[in-house]
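Presented below are the structures under discussion, each in the form of structure tokens.
Each of the next two complexes has chain A plus one more chain, namely chain B in the first and chain C in the second.
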Partner chain A sequence: MTWTVFMQALGLVFDPYVLIVILASAIFGLFVGCIPGLTATMATALLVPITFFMPPVPAVAAIVTATAMAIFSGDIPGALLRIPGTPASAAYTDEAYAMTLKGEAETALGAGLVFSALGGLFGTLVLIFMAPSLADIALKFSSFEYFWLVVLGLAGAVFIGNSSVLKASISLLLGLLVACAGADNPGAYPRFTFGVTELNGGVSLIPMMVGMFAVSELLRYMVNMDPPAQIAVKKLGRVFAGMWDLLRKYRWPLMRGNVLGVIIGIQPGSGADMASWMSYAMSKKFSKEPEKFGTGHVEGIVESGAANNSSLGGAWIPAIVFGIPGDSITAIAIGVLYLKNMNPGPTIFINNPENIYAIFFVFILANLIMIPLGWLTIKLAVKILQVPRNILMPIILLFCIVGSFAINNTVFGVGTILVFGLAAFLLEENGFPVAPAILGVVLANMMEENFVTSLIKSDGSLTVFFTRPIAMWLAIFTFLIMFWPVFSWAWNKFRR
Partner chain B sequence: MKFNDILWGLLLMAVGIAVLADVRTYPEIPGQQYGPRAFPGLLAWLLIGCAVMLIVNGWRERRRHPWVEAGAWLRSASQLRNFALTVAGLVFYIVAAEKLGFLVCGSVMLAALFWSLRVRAVLILPIAVISTFVIHAIFYKGLRVPLPWGLVPILY
Partner chain C sequence: MKRRTLIGMAAAVAAAFSVGTAQAQNYPNRPITLVVPWGAGGGTDQTARIIGTLLEKDIGQPVNVVNRTGGSGVVGHAAIAEAPPDGYTIGLITVEITMMHHQGLTKLNQSNYTPLGLMNMDPAGLSVRADAPYKTVNDVLAAIKANPGKFKASGTGQGGIWHLALAGMLNSNRIDPMAAPWVPSQGAAPGLNDLVAGGVEFVTCSLPEARALIEAGKVRPLAIMADQPAKLFPNVPTLKAATGSNWTVGAWRGMAGPKGMPADVTAKLSAAFKKIYDSKDFQDFMNQRGFGLLYMPPDQQAAFMEQGSKGMGEVMKAVGLVK
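What follows is the complex of A and B.
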């Protein structure tokens, strides 16, 4: 990064308009994360229609900030109601709630806040140093390598962390097929348009995401039969008391959480949720006091709270360098990058260096302002949790309608959120995960382009896909991930 | 609402076959072996393969899973009403927005959902109208989205 680019990037971030956007999206993210039933992915999907009207840097800044805040803020209802605000907090919800029952809600939430910010900053540093060097290597990639990268990303989304690989594969294939609609293909032939002119340009990405991640969540709320949860405390005291001691005592678990979070984030298809679960399990395994886990012990919250936020920075590495999302949130963010003509890929560091470094600065800023704003949210948490959801949810539905209409100014967008909202609801009810579908939608174009280009280059021969050195290694990694369930099954059988 | 894997498998197989039938009608690109049909064709074959595996799984577990399993919410009148009104609200907006306008459609949809979700009766109309106006102002004035006025005269 040259001095000029550095100054340009700083100028782009410290613009009053961008700062206001960051502040507003931070408050929005903290609020959404804090309300059970509204996830970080939903926060991102709801923001996208608004970012549509912004220049590139504030648009991406809004998403980066809101996501980081929502992932932290999901800890709050976990500790106070025993309901995780976002799935990324689910791993240590019982632990945090047990601390609240012991009268240690402040420590649970303070640790969640401080170590989320530290984890987020660690993830950002890895992103800043790793992305440009990876981009230098990626510049040498041809269509064969890109094809395997996309397959590797999709394999990660299907084969890691899903209870049914078959249903995840089907979800992915449906996503890829939906993205085939329209005339954006080799030959520019209008596929699957059913005579509807609006489909000639393909299914519009933003309404589709709003439908899959917001409308489906609303439908789930509408049919929810759980009784309302009771808030375990009336007032919260000093949030930061004892944090310095925790930092000294748990510096190694913090570091472990940071590193594991980034690694899981980089791996396409797995994000903050999985980082949190794996990190909590690892914390218990390596702890000197594993017997205390589950009884209201802060160690697991320190480690997995850091991991889920550091995974966010990690997930952006393949997203920016290759255009391959690490999880459903970065999949939405990639959609925004394309809309803003900041096409992800290694050349982004050559064509738009100031924009990409500005985004790095936003990551740092978001994690720094998380501390004061998060503190304020914790202080107001008891009030926020009393916001009547029976009023909030219908208003969000109306917001989804306007947001989807705003993209092309037609009610076709509203029809899209209805169809995709119902489809995502039905698929999830039947055990089909939705995340692989959205990764499929985002990556289909890149996959088809590189697949067809490679086939034309090799004159139909498939051997070239395996003979170029980097392509061969990517293929090996892909097959390793695909056959991992078989390997682990065989290993367990052999040990017995 | 859960459907047996055999039903899902049959449905997905039908989708795969329909895609294959459709891509056969796509024109060839002169001088090129691979065109618009290659990728969706490959996806359709993979989908059919997955559908077959799903049917086999469903057949193995046919005793444990009924053909259709209605969720608990389908037996609860209030949850069923909430769900139906959400879907109906969206359909109503699609059909009527141009004629009635955003302010009318939005307020009606919100009021119906508030009623179904048991918001206090005196609050239903004021909150429905005010929140529709606020969202309208943000998008119409702030972001210049041409939301339809319909029956309501242009106010701002």
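What follows is the complex of A and C.
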């Protein structure tokens, strides 16, 4: 990047029109992320028609800013109401809600905010300095390697939360079973559709997630109407208090989350949601105090809050260099890049370098303004806790219904939240965690697809899963993680 | 008093309904819904949204673009076909409507619609890895013929448009369409990724979809399954020029409404879509996006869909997808 390009790019970003677009899309993103059922991907899709009529830099800036904000603000309803605003927040929703119940809502949200911004900045730096070489590596991943990544993700599910491993596994299997429904499988064969056309597309993740977290919570409130002990909110305005200590204490988890987020983001087909699940599980695995997880412990939020935002930057790497989307957001953004004559490919750095570097600056700017805007949003949102529950709950139900209808514009989604709300209520009353079930649905299609396509490619031979170099290392790593308890038990026994 | 109010209301409701049906010459006097059977942000969605924006300007009424996804396109296509045929619900239908009924996914087919103009067509291509030994389509065909079942292809889901493009190409060259097994993928991009990663040997998606990788020197296009070479890649020969096969196939998008729309409404809408197609905004959009430009008036579109459905039926039978 030469000095003139650098100055040109700065000039493109610090143009009043571009700055207004960034501010407006930041507010839009914060809003969309807060509403359960509206995801960061949807925020991008809604922005596309507006960007038709903008110059290239503000068009892409709008998307970059809105998605970063939406991924962070998905944490807010998750922490305050136990309704993850986007699937990327679902992994640590229970943890954040437990903190809220302990009166530490502001610490939970503050950690989410600060570490989201740090994760986003890390992802951006990787994008700026390492994009071409990393994109080459991402292209070496075939279905064999993805299969192992998904298995790693699933193995993590069982360790989330502090209920029994057996019950978590059952919940995970339930999720995998639900994901079997529909014709969206490698054979394109309709399974468990019962002749319902809507089920051909399978059970949509968003209504299911809203049902399992939010509707089940509403049911629990209906069953036990006793006004709960007033949720104590410590003095307002202390969102950033203690963040410096957290940063020092958890610098390694932060780095782990950052790196894992970028790695997951680069892989086509896996995005912020998988990054946050995997890093939450990893955080618990490597933590010095794993017994505290699930009781309102901030460590997991630090790590996976950073991971889901750093994955956003990672997802842009193959998108910019090869036109291959790293997640569903960049899949849409690639269309916008073509539309604005910034064709993805190595030439993007040669043809109009000032535009692409301007976009990099937007990434940095977006993660910086996230801090003041997010602080404002948290301060406003925390007031929700002061609303009496008997007024708040029906309003939440209304939002859930609107959100689940909006996903596919059908009443079917509304039915879905009710069915899964009831199912989750019954599960939780009997000590089964719901988070693994949701992860099962997130990952099941990826796992099946990569497994079946791998077998088609290898003519039914399983050995290829172990003989491709990258696949072999992933397999070894997966088995190490899965059988770690066995190994450590054997080691202790042997030593004695 | 009460009764009179009731009668009055009933009359008003009846009048409101008759306005909707009888006064087609005033069409349109309320907002129009444009249904997209695919998800927000995809190519079909973006095309529908630019058309919606331009239609709104042309016709003077708001146009709401609504995504009705699910059921691999069945839900949205059904929503268009089953809407009241008054011109207030129309949609952008896609090539899948000529395919899904063969598979038994739905009873709906192209004859359940009033065509309003074909807006786009992206022919199938044939691409290989840049370091692959194949220099021409004939190299590819010879390799498949010599090693049936060894080389795999990808680019979309099982029974999707690019799968049938491959099957049709082999079929028309008298090679068993099962000789190159299909590896289902979630779309062109993951299929291309797998091509570069060495997981599959061929990808039959459209050339604009492979554009970034072609320009990056990772992927080599060998043919386009159309009558003419693409504007974007003039040096890539047509399948006919390369092998003599007459097989042409592509993903298309066309405007349509439910069957049985009034003639004057149909005429007004199809004239509007022709105007939109010719507009600079639409042409610029499609060119920048790399989408293929092809227009057909409604009668030609109807014949084209009918013929396409027949061709798809034959190929799907050969691959064993027909129920």
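Please note the rule applied: the second predicted complex is superposed on the first by the 275 of 496 C-alpha atoms of A that agree within 3 Å, B and C clash if a C-alpha of one lies under 4 Å from a C-alpha of the other, contacts with A are read in each partner's own complex, and residues count from 1 in each chain.
Going forward, contacts are C-beta pairs under 8 Å (C-beta built on N, C-alpha and C of every residue); 3 or more make two chains touch, one makes a residue touch a chain.
Everything numeric in this text was worked out from a predicted model, so none of it was measured.
Engineer: Does chain B (first) or chain C (second) touch A:S169, or do both, or does neither?
Structural biologist: Only chain B is touched by A:S169; chain C is not.
Engineer: Classify the contacts of A:T44 with the two partner chains as first (chain B alone), second (chain C alone), both, or neither.
Structural biologist: The answer is second: A:T44 touches chain C but not chain B.
Engineer: Of the two partner chains, chain B (first) and chain C (second), which one does A:N390 touch, if any: first, second, both, or neither?
Structural biologist: After superposing on A, A:N390 lies in contact with chain B but is clear of chain C.
Engineer: Quick one: is A:S143 in contact with chain B, with chain C, with both, or with neither? Answer first, second, both or neither.
Structural biologist: In the superposition, A:S143 touches chain C alone.
Engineer: Now for A:I456: first (chain B), second (chain C), both, or neither, which partner does it touch?
Structural biologist: both
Engineer: Classify the contacts of A:W375 with the two partner chains as first (chain B alone), second (chain C alone), both, or neither.
Structural biologist: Neither partner.
Engineer: Could you look at A:G415 and tell me whether it touches chain B, chain C, both or neither (first, second, both, neither)?
Structural biologist: first
Engineer: Mind working out whether A:P186 is in touch with chain B, chain C, both or neither, as first, second, both or neither?
Structural biologist: Both: A:P186 reaches chain B and chain C.
Engineer: Could you look at A:F477 and tell me whether it touches chain B, chain C, both or neither (first, second, both, neither)?
Structural biologist: neither
Engineer: Report, in rising order, the residues of chain A that make contact with chain B in one complex and with chain C in the other.
Structural biologist: 186-188, 409, 452, 456, 459
Engineer: Under the touch definition given earlier, write down the residues of chain A that touch chain C in their complex.
Structural biologist: 41-42, 44-46, 48-49, 52, 139-144, 183-184, 186-188, 190, 197-201, 204, 268-269, 318, 321-325, 328, 331-332, 335, 338-341, 343-347, 408-410, 412, 449, 452-453, 456-457, 459
Engineer: Give the list of chain C residues in touch with chain A in this complex.
Structural biologist: So the residues of chain C touching chain A come out as 39-43, 45-46, 49-50, 53, 65-72, 74-75, 78, 103, 105-106, 149, 152, 154, 157-160, 181-186, 189-190, 192-194, 196-200, 211-213, 215-216, 218, 285, 288-290.
Engineer: Please output the residues of chain B touching chain A within their complex, sorted ascending.
Structural biologist: Residues of chain B touching chain A: 1-3, 8, 12, 15, 19, 22-23, 26-27, 29, 32-36, 38-40, 43-44, 46-47, 50-51, 53-54, 57, 71-73, 76, 79-80, 82-83, 86-87, 89-91, 93-94, 97-98, 102, 106, 109-110, 113-114, 117-119, 123, 127, 131-132, 135-136, 139, 143, 145-147.
Engineer: So in the complex, the part of chain A that touches chain B is made up of which residues?
Structural biologist: 50, 53, 166-167, 169-170, 173-174, 176-177, 180, 185-189, 191-192, 215, 218-219, 222-225, 388, 390-391, 393-395, 397-399, 401-402, 405-406, 409, 411, 414-415, 417-418, 421-422, 426, 429-430, 447-448, 451-452, 455-456, 459-460
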